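Please find one structure pasted underneath; my questions will follow.
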Amino acid sequence: MWSAIIFLVFAFVAVVAAINLVVQTHPISSALSLIGVMGSLAVLYLLLGAEFIAAAQLVVYAGAIMVLFVFVIMLLNAGAENAKPIGSRAKYFGLPLLIAFLGIMSFVVQAVIPGGNNVVFGEYHAGPRDVGKALFTDYLLPFEVVSVLILIAIIGAIVLARKEID
Amino acid sequence: MNGVPLSWYLILSTVLFALGIAGFLYRRNIITMFMSIELMLNAVNLTFVAFSYKLRQVDGHIFTFFVMVVAAAEAAVGLAIILTVFKNRQTLEIDEVSSMKY
Amino acid sequence: MNFLIVSLIKAGVVAFVLMTTLAYLQWIERKVIAHIQLRVGPYRVGPHGLLQPLADVIKLITKEGFIPSHVNLFFYMLAPFLAVTLSLISISVIPFGPEIEVAGVKTWLQLTDLNIGVLFVLGISSVGVYGVALAGWASNNKYSLLGGLRSSAQMISYELPLALTVAAPLLMLNTLSFREIVNGQAGYLGGWLARWTIFQLPFPQIFLGFPLFLICSFAETNRVPFDLPEAENELVAGFHTEYSSMKFASFFMAEYANMVTVTCVATLLFLGGWTPPFPAPYSNVIPIVLFAIGGLAALYAGINPARPKDRFTLPVAGLVFLGLAAAFAASHLVPALETVLMALFWFCGKVLALLFLFIWIRGTLPRFRYDQLMRFAWTFMFPMAMLNLLVTSIMVALFPKP
Amino acid sequence: MLLWLIPILPFCGFLINGLLGRRMPKALVNVFAVGTVALSFAWVLKTVMQLGPIEKAYVEHYYTWIQSGALNIGLDFAVDRLSAVMLLIVTGVGLLIHIYATGYMAHEGGYYRFFAYMNLFMFFMLILVLAGNYLVLFVGWEGVGLCSYLLIGFYFLEKFATDAGNKAFIVNRIGDFGFSLALFFIVRQFGSLDFGTVFAKAQGMPTEASAGLITGICLLLLVGATGKSAQIPLFVWLPDAMAGPTPVSALIHAATMVTAGVYMTARSAPLYLHAPLAMEAVAIIGIATAFLAATIGLAQNDIKKVFAYSTVSQLGYMFVGVGTGAFGAGIFHLMTHAFFKALLFLGAGSVIHALSGEQDLRNMGGLRTKIPITFWTLLCASLAIAGVPFTSGFFSKDEILVSAYHYQPWIYWVGVVTAGMTAFYVFRAMFLAFFGKYRGHAHPHESPLSMTGPLMILALLSLGGGFINVPHWLEPMFPAAAEASGESWPMYVASFAGLFGIFMAWLFYVAQPKLADQFAGAMGILYKAVYNKYFVDEIYDATVVEPLVQGSRTVLWRGMDAGVIDGLVNAIGARSRGVGGILRRLQAGNVRGYAAWVVFGCVLLLIVIGLGTGGAK
């Protein structure tokens, strides 16, 4: 009962925020609404019993990545997009495409996922311990690889941005 | 009714993904497009977590974790690139950077 | 239902106490700094300036909320709201004491216990930057913008060492829930040395972890020497230049709330929460003695006062202290009550000590330059935190708990 | 036993000298070049000592090189009595020649390059000898070919040197073509290239009276051998190969590489024994080459050319030996020949060195007193090659001739005549060079010890080498080798022919120097033919080279390459450009356009999936 309500509320918030992301012309507004999406997704993760992922969502996404976005937006002091009429190609090709995507996807989901397995809060939860175990036993190699990737990204970012700063 | 069907989560993520695509297609600001990509990633993460709930396996979480890390790296590099682009062309309009050299 | 009522009560109590604490924390700060600077500080309003916070609050509320033109109104309004909310949320997972039983209802001195409490606090604090950043951006002002930029950059930079240092005690205690963290630090090494993480084997955090955590928390709360977002001598007042009245006040509340949160977390993670520094029968005497001494001192000062007003205020204060001492002594007869009082005493004592440290440093240290700040973060704090985590994990791996 | 150490040591020398030599002082280059070969020689000695009487081949398998289906070719080395002898010859003589070269090349440019090539040659030659199967042998085979090419063209600034190198390489290609065909046939027939298995299987087969598959294989092998060992019809490259430095001529084109063909034939003895026809072909080609080369040698004036042709004819002898079934004798002659022919070349080199580059016999003479050591050592060599009794050549050559006599008398008689001519032209060279009075203008001087030392050692070997009873040592390997029986007059005849040749030479060039020219005049046309090497090169040019060049120029280049292939390529390019012109429209550089296309693809996929799973619910 409760979990259903919470899901609906935060799903609603997420969708509204996402729509806001798309329709807002100003990057900061989009960024804020994206943060909203992430926050509500974090709650949904908690509902799904993914405590660690929820926390990571908050720390990594909302706390670090989006801060970076906001920082850059502020740094460039990017103004709002000057409203241009949507191109005919986008209108007559993109829009139907999206609708089709949405419809078919949901149809497929409905078709593939058998009903009757409800998501109930607390039935299953994987805390940091479980995630850590899996991460450092089965997924050790990917973990290391990803860490190397991060290092590369740091260096790349520094190299790219240095020109910008000084 | 106890809880909600799993498919709701999936459809939610579908909707978010579609919105991400829409943002990518209809926004002209590089940063906003970038954020739309992040939105899509989030949508995918949701499916991962939902399925790992259904299958009672932690692997979905691991995948989500990796997606986050990669997204972080991507954000760092991507934003650096955006900074450089802005420095070179004083604009964030994607349509105006369509040419490789100028 | 029972659970609901209890939670509501607890929430109310905590909210009230917290608010007053915040208000008076500012008063204390002004006093302490004043004395550091050989001034008297707030003195007029009420006895010994005790009503100053009240006056401030009234002033701030009644003041005109001036909104400059060309601000992005939505974000301009949203920013302080965000700031104060996010800073207050994280109190909800902080336990102040052990489980108690009041009128047959067993409950913890804590709003709620997440088994990822620490991560929760980290997450909230990492989101907390938006308040400042938005405020700086929204108020359409170069100085504010700079303040916002600085704060966001600074927050991101200091979150890494913070998280890393937090990870070390978690490794030692092997949990993320604050309750278990405190339980893990209960007991005494060789009967006398408290098993707080700063003393606890295999790797006492007092060498690296605790100092690093404190420094990071200074940065996280934008306190001196890291208060660049509001560096009044470069950027008029930083991110809250354009804010007035309650909005301004909420930024201050946010700052002090953050301070409280951070100190609480430090206490819980490193100083063993409400566990006394040495075994119970002896430690129970401490508060009595302390309050008694304080009271007597106040009385003695009241007998031959420096200023005319003190002829009244000091004896009152002394009597209050003595009363407290008496209360503690009396609570010795009621074990249930005693546990609560002791826990609260030790917890608040530690927190207040840390808060005093904050104020003290603010009173004494100069401010960093911005590049110094960043270099410090990346070239000193980060490697040190790494080192700490590394050593701790190695030690933990080498000497596993029985 | 670490057989791999033997070839690897010179290879290290090659690497060090080849990569770092440019910056190293000559002394250091010497240390590496000679030192590695010496070490390898020492290791060979140790190995042979340890192996003692090698009853059956000692094989070391390193790793499986090629494995496909039943075919399984490993990189493995093997040592049996035959390869033991070869190893000793190659490393020993090689060592001496390296030492000699340090003196001979002292004033040459590209010092380090020279020794790097020499070491590389040693490496490949040792692989060739140590090979445990035909493929590894082929590797060494090609490798020595490469080194010979590099070393012939060592003075790559002169055109004739490079031309000679190319000639050697190309001619060898023809031989290798035959060889590789033979390998394919062997694989097809025996399903393996490993010596042991192949020969074991061959034992089981009946001897082929008429031409059969084994005969074909043997003939193809023979083609390869003729290429490498300069037999008719492919002998033309060897005389030109003298363009290389003299130590090269001594090492590669006298002592070791050119004998590879003989070695290979002897190695394949079990096959040949099953193909009498092939053996007969070997013998005939051998004797023909011996005779032809000898006649040419009579009239050459370049001292190195003389020895080159004598090499060809001596190789012919060896082929006669193996062809007539006296494999042991063939290898024996190979060894002795290695001694005295290396000595001859080194001596010639010493002479050239003494005359600072003069090679024409007509500008020499009377050097006997000026460079005595060279003279005496060369004299030993000449006696040996002339087959004067109790010198090394005597034993080996006569064993060959005897077995030839038992095989087919006419081969024997031709051989005797050839022996006489051999003696004649060798001593002609000797007399022209060392007797009479000096006709040149240079100032002869004796060579340094580093050159004369090897000369003396080789002199001793070529005198006494005959007492090493190689054939006896090799008997268990070649059970069918026909040994000389009772009557011993053929020997005397042969050695008498040798002595007679020497006498004639003395008569022509010392006693009555006029006689030679009159004789040549009397011979007239024949002399001219001989003098011009029977115009073989010219014939080959006319019949083979020209048509090839023309054909490839017109048909292959203009027609095939420019016409068909380029046309195809251009056509493909044009088509793809056209297609690209159409596809280009998708790539407008507009990111959102790309994204739209991606989404489009996703939707298509989804439709497919949806149709697939439509009924699932």
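Read from first to last, the chains carry the letters A, B, C and D; within each, the first residue is number 1.
In this section, contacts are C-beta pairs under 8 Å (C-beta built on N, C-alpha and C of every residue); 3 or more make two chains touch, one makes a residue touch a chain.
Model, not experiment: these values are computed from the prediction.
Asks: Applying the document's contact definition, name the chain pair with more C-beta pairs in contact, A-C or A-D.
Replies: Looking at A-C and A-D side by side, A-C shows more C-beta contacts.
Asks: Report the inter-centroid distance (CA atoms only) between chain A and chain C in whole Å.
Replies: Taking the mean C-alpha position of each chain, the two centres sit 32 Å apart.
Asks: Chain A to chain D: how many Å between their CA centres?
Replies: Result: the chain centres lie 75 Å from each other.
Asks: Starting from the mean Cα coordinates of chain C and chain D, work out the distance between those two points in Å.
Replies: Distance between chain centres: 92 Å.
Asks: For chain A and chain B, let me know how many angstrom lie between their CA-based centres, rounded off.
Replies: 6
Asks: Pull out every residue in chain A that's touching 2 or more other chains.
Replies: Residues 52, 56, 64, 68, 75, 90, 94, 98, 101, 105, 110.
Asks: Among the residues of chain C, which ones contact at least 2 other chains?
Replies: Not one residue in chain C touches at least two other chains.
Asks: Among the residues of chain D, which ones contact at least 2 other chains?
Replies: Correct list: 592, 596, 599.
Asks: In graph terms, nodes being chains and edges touches, is this line, ring, star, complete or other?
Replies: Drawn as a graph, the chains match no named shape, so other.
Asks: Let me make sure I understand the interfaces: which chain pairs count as touching?
Replies: All touching pairs, sorted by chain label, are A-B, A-C, A-D, B-D.
Asks: How about chain C: which of its residues touch chain A in the complex?
Replies: 72, 75, 78, 114-116, 119-120, 122-124, 126-127, 129-130, 133-134, 136-137, 145, 148-149, 152-153, 155-156, 159, 163, 176
Asks: Across the complex, what residues on chain A touch chain B?
Replies: On the chain A side, the touching residues are 1, 3-4, 7-8, 11, 14-15, 18-19, 21-22, 27, 30-31, 34, 37-38, 41, 44-45, 48-50, 52-53, 56-57, 60-61, 64-65, 68-69, 72-73, 75-76, 78, 81, 84, 86, 90, 94, 98, 101-102, 105-106, 109-110, 113, 115-121, 124, 126, 130-131, 133-135, 138-139, 142, 146, 149-150, 152-154, 156-158, 160-161, 163-164.
Asks: Spell out the residues on chain D that touch chain A in their complex, using ranges where they run on.
Replies: Answer in residue numbers: 592-593, 596, 599-600, 602-603, 606-607, 609-610, 613-614, 616-617.
Asks: Using the touch definition from the top, list the residues of chain B that touch chain D in their complex.
Replies: 21, 24-26, 33, 94-95, 98-100
Asks: Write out the stretch or stretches of chain A touching chain C in their complex.
Replies: Touching chain C from chain A are residues 28, 32, 35, 39, 42, 51-52, 54-56, 58-59, 62-64, 67-68, 70-71, 74-75, 77, 127-128.
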